[in-house]
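Take a look at the structures listed below.
There are two complexes below, and they share subunit A, which is joined by subunit B in the first and by subunit C in the second.
Then we have the complex of A and B:
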């Protein structure tokens, strides 16, 4: 069982903050509202246990934006919001009342684009760090329970996998909405990422 | 990666052609230098720019707005492997296209788009952009949102009006109870202390309270008639200044009691107008009594009647407590009072001004109110269309109060309610009549079929348990004795609407008198009926 050291955790938070900063700038520009994004916490879980961890954070049906990434580092990247969080985020970003997500295609599209921006920023940051080319699939939004999301993971059935769960706090117009970023990696990919993070951390000193 | 499949394989060519001819969305492809390589049929049709014009040209030369809008960075990201989706809500469109949508005029097409890298093995060889027209969807969502907002608003309105009705009912029961307290209280005192000195004063209080309750109920009935569109105006040529003066005369005692002076200013040679004198007097009476109610002791009220273009304008201005600006728009709404709390300091149902507006509007006029705010006084005005040719104002015929007598007249009274029955017996005996009273239709029929008492007139309540007043009169009209069959009958009932009157007349009554009964009105009606029917001598025939 792998665990992150405090140092590795700090370095990951710092790196993700760079990516989130870029994403927040894009969202601010798109919406005309000041959007801030925080990474307060990063945890590592074995995929078998991540469902339990997620169910403590989000309840019932959740909206997830799922992108598969391939290349030297491969896996699944997801933004997970509970349904009310997704509705509030959409209302805040677009300034119009949300209909239920199931009938509001525009709201689903907005959430998909937000996830797309965030996931691109984070994985782009990792790609730059690792100096590798990462290719993405088209983001896909689904509304289902956590169990069904885990079933849909590309790497779900390939050996031992780990999931980085990142708390993503959106702050805009005096309101906070928390989403969760989940990056699922094979042991090899994770190992490579953590080494690169450590090297980067050394280089910062 | 299938290195054996050359880019010119029949399958790749076929797929390429499929995209080229795709008719429901736009697809264009660039190479890694962002030079356009494919521009499909849909895009050519929608933009009016053909593949021949586009292919081979740098993308940002063809679409310079991409650079202005920062979309160029998405293409650079795509060349770095990133996929980018563009939602309609954030971007409106990717390639601006203006067209005549469903013939509803020129509009901009709403689009969603995605920009993806094209990958050959590990190498990115270009980008592909897919554009979808979502105009219909955006319109449908907007309509849905509007409908939801409209139904939410309707729900809110219904809740508001239901709350107003609840408040109104609470006020109503309070207003009905208040005069009853005085009536019951003073009646008990009179009964238990028959020798009290202030007997006259007690009776005056009882009468005043009973009248105020009657007024309340009349207001309610008027409002009910107006709401159901059943208020009929008795239109005549009338003089507004006479009507206004009469209303002032009625209100002067109440004003004097509070040391409020009412000043009047009537312009000379005012034109007459078409209207219902009684209703218009009710309007002015309401305006004045409101002014008196809301003006503190020692205040002043001005009543002015003047020409205003083709109209007559009546305004009532006071130095009273004024109206808060946020309540001004609701002053003429029914059931509305600025202060609906239980501790409010002024009585009334909040119907007065609502009646004023309804009556004035029925006359083709308008109402308005001005107030500089709380404690700054109020001015309420009405305008009514004046007659162009000055007509002769209608002067209500003066009816001399003839002393009525019912001496020698035999009257049968039917009323299941003891108090009402006794009251009528006492009233009519006062006029000299011989009266028999029974509590049911069956008892009345028993008397009519016999010879012991042969009434000249039947006075019957309508709403009774068992055989009601309608059934009674219908049966009387079929009895064998012609004397009884032709017996004049008066319906006395608390059902005071015009339809109730018609119903009573159709059933076979000659006259209809609403409760509470005015003794003189009843006596006159009986006298008229008796005079109009066979002479009393026939009775014995």
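Then we have the complex of A and C:
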């Protein structure tokens, strides 16, 4: 199993802190609530273990916004919210009451755009810092269980053996909205990412 | 005369937000939910400014910008995108955009950028 060195892990977490921090700032600006962000976690998994790893974080039915990104570093970026969190977020952004556990058309539209903003803020910041151009697919919202989301990721990643999973949990203060920002990269991208992160880390000295 | 602004974004939420700010400041607003409708709208409505998203279904914003330039070399386009990459900003500006804002936009920032882009029209 591949391992990241302590230096690589440290540089990667710092990069993620900046990227996820930018996403959190955007969410705070959108909602008017302070966003509490966990320290990003970086883990490397064999592809067949990714599902198990993600299911430890989120269970059951969730709302997820998925964007595929391509370029020198490519992979999948996800915003994951539980259903009630997604409904509350819609309420915060539209001032329209949401039925408990209800993801209506208006909520779908709001959550998709929020996902678009957060994922772009995060990945775009990585692109800026690492000096690589990243292209994004249009965001896709799914309301399904975690297993189904993972299946679609695994289909897209057929033929790869390892995946880097980075994630950070967040919570909107004074609300019940919690969620995860998550990025899944293939090892081919990981190699390029590590080199870019090392260059970036050198440039900071 | 009130300036007319075409908002091009595949997100209804994003269009609503921008429309609200622009209408409250006295602008006339028309909308398009994708690139092709935007090109048609530009031809029919002859707006003074286009507020353009980048990542959209079908034609992406940079392609729409290029087509608009081909239709009208004097077109004024303000890009409003979630894409925060410097390289995307450079591509948009070198493609002829008058300005580039990243989402989420605040009211003051949007109105300042719109006024500046419209000033350049005069």
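To be clear about the criterion, the second predicted complex is superposed on the first by the 161 of 205 C-alpha atoms of A that agree within 3 Å, B and C clash if a C-alpha of one lies under 4 Å from a C-alpha of the other, contacts with A are read in each partner's own complex, and residues count from 1 in each chain.
Basically, a residue touches a chain if its C-beta (ideal position, glycine included) is under 8 Å from a C-beta of that chain, and two chains touch if they have at least 3 such contacts.
Here the structure is a predicted model, which is why all the values come from computation and not from measurement.
Enquirer: Quick one: on subunit A, after the overlay, do subunit B and subunit C clash, or do they fit? Just give me the call.
Expert: The answer is clash.
Enquirer: With both structures superposed, pick whichever of subunit B and subunit C touches the larger number of subunit A residues.
Expert: B
Enquirer: Look at A:200 in the shared chain and tell me whether it touches subunit B only, subunit C only, both, or neither; answer first, second, both or neither.
Expert: A:200: touches no partner chain.
Enquirer: Between subunit B (first) and subunit C (second), which, if any, makes contact with A:125: first, second, both or neither?
Expert: A:125 contacts subunit C only, not subunit B.
Enquirer: Based on the superposed arrangement, let me know which partner A:104 touches: subunit B (first), subunit C (second), both, or neither?
Expert: So A:104 only meets subunit B here.
Enquirer: According to the stated criteria, A:138 is in contact with first (subunit B), second (subunit C), both, or neither; which is it?
Expert: In the superposition, A:138 contacts both subunit B and subunit C.
Enquirer: Have a look at where A:113 lands relative to subunit B and subunit C in the superposition and call it first, second, both or neither.
Expert: both
Enquirer: Is A:22 touching anything from subunit B or subunit C once the two structures are fitted on A? First, second, both or neither.
Expert: After superposing on A, A:22 lies in contact with subunit C but is clear of subunit B.
Enquirer: Tell me which partner A:96 touches in the superposition: subunit B (first), subunit C (second), both or neither.
Expert: In the superposition, A:96 touches subunit B alone.
Enquirer: On subunit A, which stretch or stretches are contacted by subunit B in one complex as well as by subunit C in the other?
Expert: 29-30, 93, 109-110, 112-113, 116, 120, 124, 127, 133-134, 136-138
Enquirer: Help me check something: in the complex, which residues belonging to subunit A touch subunit B?
Expert: Where subunit A meets subunit B, its residues are 29-31, 67, 71, 93-94, 96-97, 99, 103-106, 109-110, 112-113, 116, 120, 124, 127, 133-139.
Enquirer: Using the touch definition up top, name the residues of subunit A that touch subunit C in the complex.
Expert: Listed in rising order, the residues of subunit A that touch subunit C are 22, 26, 29-30, 93, 109-110, 112-113, 116-117, 119-121, 124-125, 127-128, 133-134, 136-138.
Enquirer: Can you check the complex and tell me which residues of subunit C touch subunit A?
Expert: Touch residues, subunit C against subunit A: 10-14, 55-57, 81-88, 102-104, 106.
Enquirer: If we count contacts the way the header does, which residues on subunit B are in touch with subunit A in the complex?
Expert: 70, 77, 80-91, 112, 114, 116-117, 119, 122, 124, 134, 137-138, 141, 144-145, 148-149
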